[in-house]
């Protein structure tokens, strides 16, 4: 019964990419820990770039400098 | 001072249902643990069905097959 | 497929009380939202009183003043 | 490598205020624990007032009574 | 800068298995989203079986019936 | 009613440091957002270094190489 929460910045992940994250994270629980996929949950949180900070700066600001 | 976080898929929970979740979860803390409701927080996160996976499949896909 | 996370201070909740929290939170999802209990998870986190603060003070300190 | 998650109600925090939260939380990790700011993450979650409850009531309802 | 939180029951995951979870989850972020592994965090929470419920029952109880 | 969750590796933070984190995070909510400290919660999670990964490696391994 693992619960995997993936938090990423909201920068255009597609439905297909999200599907790949769900498949990959579920398979990881099966392969490494022998967990039952039927009771494995994966939840993806997409966070606005204004709301995510690294090194004291928002990702919005970091992206401007790239 | 409990903190209860309820994560559900975003599939049309009404304001009234959310109010019932808040009341019910708060009452549970009072009844079972004798907690003070004034410092009991309940936070409901509604997650897009593309972003929630079970058994390696998104809820969007699961709903199509139902 | 709800996921309910209950965070409380570690102050002696018994196995029976935890069982009541699990049952009560699961039933709340069934009663209010019509969710399937088989895919409803409840996770209880017990937090050391040194590690939980309210109003700028740890619960350890608050308990001393009660 | 601290991860700081700030959850607040969605009631109009400005980009500048969010930047101050990111800076302040990062600096706190540096000042108190000597952490490296480069690997300090801050994530702000803004929660709809219908979805946040205190004392068994949603913040939407509490605001009406103020 | 993804943050991946893996929650599992505390049932004897080894240090090597945890290392595999960290590697696998990090690689998933690189492969699917092109993320930088240097700013990818993985945090594993191991939860006591008394504190995790499914279908209204603790995992401790579920294990007894298996 | 902010809820601040600080996640750090378990590497010997003292009770005094935790108190400073609680005070500092609470004050940040007051200073930046004008929040009421009485309903501001701070929860510190200390994570075993085997259970925290960066760049695909556990902090236990990273510390060995330092």
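Quick notes on this structure:
For clarity, chains are labelled A, B, C, D, E and F in written order, and residue numbers in each chain start from 1.
Basically, contacts are C-beta pairs under 8 Å (C-beta built on N, C-alpha and C of every residue); 3 or more make two chains touch, one makes a residue touch a chain.
Keep in mind that what you see is a predicted model, and the values were worked out from it rather than measured.
Simply put, of D-E and B-D, more C-beta pairs touch at B-D.
Centres computed as Cα averages put chain A at a distance of 20 Å from chain D.
Residue positions of chain D with contacts to 2 or more other chains are 1, 3, 7, 21, 25, 39, 41, 43, 52, 54.
Taken together, the chains touch in the following pairs: A-B, A-C, A-D, A-E, B-C, B-D, B-F, C-E, C-F, D-E, D-F, E-F. Chain D contributes residues 7, 47, 50-58, 60-61 to its touches with chain B in the complex. Against chain D, in their complex, chain F makes its touches with residues 1-9, 13, 17, 20-21, 24-25, 28-29, 31-33, 35, 39, 52, 54, 59.
Of all the residues in chain F, the ones that touch chain B in their complex are 1, 3, 39, 41, 43. Those residues of chain C lying in contact with chain E across their complex are 15, 18-19, 21-23, 25-27, 37-46.
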